[in-house]
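Okay, so chain A shows up in both of these, paired with chain B first and chain C after.
Entry: the complex of A and B
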């Protein structure tokens, strides 16, 4: 087998390309360029939370952040409320979003470290509290983002959506940190064998703390952008990103057992998840059929990727 | 405190008792047949879903699709089982077999269960949307009657919880096959070398989980009298929390059926308790999270002290 087929990210990209070709061939109504643009815009949100989730999943079995949707909603709600639609407050909003991300990340990790809760349960229980905070501060109001921010979130630079550029920048930063930085080596070492890593002098708890902080900050940024993109924060805006963040990590070729991560695959998987839905929409499939086929295709990709990996 | 680690079910009992005591103190009228029924009304389907999740966690996997699966079985119950019982039964049995096959596939192809169950959750959810695009359906009369039966002295929900705990405790902790199944969580390789066909055991564990998922969906419809495609989505997280509250662990086949049922009762009670507290609706979900954290923190406090002594 040529070496490129052994890259774990190739399957997500092949699947995305195939779905793209089929959708365009069926005539999606907006042409190849329009579809690619939409995939970049909507895929960016999935990719940002996916890259964060990937860092946590790389820490090994049991590590996953289930508070992503709640963090997204809380950061969007508080940031939009702080800005209150007033022009010139965009940086204040971003600052609030980042603080929310740091806060939820620190709270999650405090529960995991101090109370020794399994991360699944810790982030799940904490997310209920974040959700309440968001409900309490939102009060059903839909504050519009300042106009300049909304324009930025829905706009483009050099024909690439601005949200995709932000996503690419964040991914690039993570990719460099993982592939070139000592922190990345530490993270993967901690994921492969925490005990061995600790004995080798890796500050395992510090590495884990950074990973949990990063996923929360990324989720907060994604929530901030999504609310600006869609004209306001809604209490259920993050809901679909819980499953989405885990799905893109796995389809993207990151090992669920930890210790291996893969940034390019996340983007392939994020495009793929968006394109599958557009393809099924083009077919005129109903919500039920769309959901069933999405599930079957996800499992199909996981089976394909895992058998190829085992025989490679 | 070694008592707590030897009998891992003691701490869940203690936290449930404490929560009940506080509830009775805050609202003395709940200490009655009617009051208890109200408090634990929705505990039965949650307990059954928690048992389903426990069976999966027992073999070192995790099921992120159980909520969608329970929703689907609720939709089947409210449509087919109500209109043509035979067809409905066939469909529910087929769903149990599908769960067993999913377990066999996860084992045979060495797939991560978290992803396969996640993918299947889309499938279950989609099928449920086919059956009931908008909320509706009706509960079969006999099911409604079972769920609203009023046994003397103790409300139905608590009788059912005891029954579920008793049956599953016998199945998991006492029967021979239950011991082997727990062994898979402890050391799958050892079980295989002892001559057990792992793939069939995994299929059995998943099939049993499917059975309890079906029961959860049926009892839920018996209580709510109608269904919709999203009716039980929150059961995925509730069931995981219930297993852990009940003293179970994610790895090693260390689970307790009695504890899991008590964990589910605690979660159901926490929700009822908060509505008695006249807490602002904004904070109800958050307070549930806080209770969850507090109970788990107590559990880990005991364990750490234990570890330090040994």
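Entry: the complex of A and C
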């Protein structure tokens, strides 16, 4: 097998390219450029939460953050409420979103560390609280984001959507931290064998804490951008990102067993997930058929990628 | 060849012109070998000489690249049907299952109602026969056992009937984590097994053991069998020469001029160590030495602080559980404890990582073409060297070693002893737990553990094998 096919990210990118080609060939109505632009815009949100989720999943079996949707909703709701549509409050809004992310991340990790809850239970239980806080503070209001912020979120620079640029910047930071940073080595060591890592002097709890904080902050940023992008926060806005964040990590070639992560694959997988839905829309598939087919395709590609990798 | 009592019997297993390649690397070349019933064959050689590959080909877990492997006596097609059993260096037990359940995995014929009870009886009988007064219950989960007990269970499973009589048992470093008493029981059991007509291949780096059990010795070097003679044709020194190491009689640390010891740097739970001192922990395996070291290390380091230049480093003996990061290269495994001390702006200094890695590859003699190879491509002993390098590259003043010489060959041991001596002379303190009494006798001072507590502190002239053994058992008798 040529060495390029052994790259863990290749399957996600091949799948995304194939889906892109099929969709364009069927004639989506907006042409290749339009489709690529849409994929970049919508894929960016999945990529941001996916990169965060990847860090946590790399910590090894049982580590996952299921509070991503609730964190997105809470951060968007509180940030928009703080800005109240007033021009010039954009940085205040971002600050609120980041604080929400740090808060939920710290709360998640505190539950995991102090109460020794399995991360799945801890983050799922905590997410009910975050979601309730969002409902309580929202009270059915639909606040619009300040105009400048909405323009930024829907705008483009050098023909690339601004949200994609933010996503790329965050991904690049994570990529450097993982590939070149001491912190990345520590994270991957802890993911392979936490006991061995601790005995080699790795500050394992510090690494775990930063990973759980990062995923929450990334989710908060994604929620803030999504609300600005779509003209307001909604209570169910994060819902689809629960499965999405995990699917892009797995399709992207990160090991579910921990200790191995892959940033480029996340983007390939995020594009793929968006393009599958577009392709099915082009076919005129109904919502039900679309969900079923998306599920089948995800399962298929996970099986294909994992068997290839096992034989490699 | 030596005339045997029943030379007309066809051999249990024959290897004809066997070779094994892993890619471009030839792990085994031109191997011709026949093993007959009743023989106890000792197999010695360096780490990476091809011992593990040879036995893997005999037991069928690897297929020979060239040549034939046959089982003339049983005329069986495969090793399993011919009654070949193996006890590996890396234990193969499932930690979340009981002894009886682990036996069931090997014993495929055991089925139907009440198999747990029958399996329990079988494993208990086997354990009783091998290790009288072992004190391990058949229903106990493997993860609750100490590593010595696990090794005893592993050996016992392979010697159990498992539906058919074992004909040839391969023991790869079976005594490496057993203390002297239990190891002796095992060696006696091996002799009894051979006397009853079973054959054994016994791999060990402890030459004393080889001479005790083996009636024939194979020496391997660079993938070839370089000597194959009855045991009484060899002397200890001759064997070491055949293996190709120039190391002479093991020199002890005490032959060195006495080092100046500094101030007390550790004082915890009765354990004291001075700057530049080599302190041994001894006693029977599983009597609290490993726990004492782990507690000491975990208390001195933090799971939260950035280590920077850590106060203490740890060399794991249980490689799989405490040391190896299996997905990584050799280099990344070696450099892990050094990263935060050499980092700039939180980024890994890859140039110095590579330079220090190459330097230590030379100093400690890791046998590999490139440090970029995966850590699991190394033989067990070489993996252990990489873990040694991980600890010694850091500037930590205290080095804690949890039985680190398991599966390490004689030549390497001498190299590491010399290294430890040199580092101690520079002012490093070593805390060294070992199951080999010979090894701890080389320390400046030895604490003997019994039932989780220190039963004696020996130094100078009192530091003898006899005194250590005495202290290991003393308290038991007085309390009984």
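Here, the second predicted complex is superposed on the first by the 312 of 312 C-alpha atoms of A that agree within 3 Å, B and C clash if a C-alpha of one lies under 4 Å from a C-alpha of the other, contacts with A are read in each partner's own complex, and residues count from 1 in each chain.
In this text, a residue touches a chain if its C-beta (ideal position, glycine included) is under 8 Å from a C-beta of that chain, and two chains touch if they have at least 3 such contacts.
Since the structure is predicted, the reported quantities are computational estimates derived from the model, not experimental observations.
Under the stated touch criterion, which partner chain does A:135 make contact with: chain B (first), chain C (second), both, or neither?
It touches chain B, and chain C stays clear.
In the overlay, answer first, second, both or neither for which of chain B and chain C A:303 touches.
In the superposition, A:303 touches chain B alone.
Quick check for you: in the superposed arrangement, does A:180 touch first (chain B), second (chain C), both or neither?
A:180 sits against chain C, while chain B stays out of touch.
In the overlay, answer first, second, both or neither for which of chain B and chain C A:66 touches.
first
Could you tell me if A:121 is touching chain B, chain C, both of them or neither one (first, second, both, neither)?
First partner only.
Once the structures are superposed on A, label A:205 by its partner contacts, choosing first (chain B), second (chain C), both or neither.
second
Does any part of chain A touch chain B in one structure and chain C in the other, and if so which residues?
Chain A residues touching both partners: none found.
Under the stated contact criterion, what part of chain B meets chain A in this complex?
62, 64, 109-112, 114-116, 118-130, 133, 237, 240-241, 244, 250-251, 280-290, 292-293, 296-297, 300, 303-304
Chain B touches which residues of chain A in the complex?
61-62, 64, 66, 111, 115-118, 120-122, 124-133, 135-136, 243, 246-247, 250, 256-257, 286-296, 298-299, 302-303, 306-307, 310
Please give the residue numbers of chain A that touch chain C in the complex, ascending.
Residues in contact with chain C: 176-177, 180-183, 185-186, 188-189, 192-193, 195-206, 255, 259-260.
Using the touch definition from the top, list the residues of chain C that touch chain A in their complex.
294, 297-298, 301-307, 310, 313-314, 316, 321-328, 332, 336-337, 339-340, 343, 346-348, 350, 390, 394
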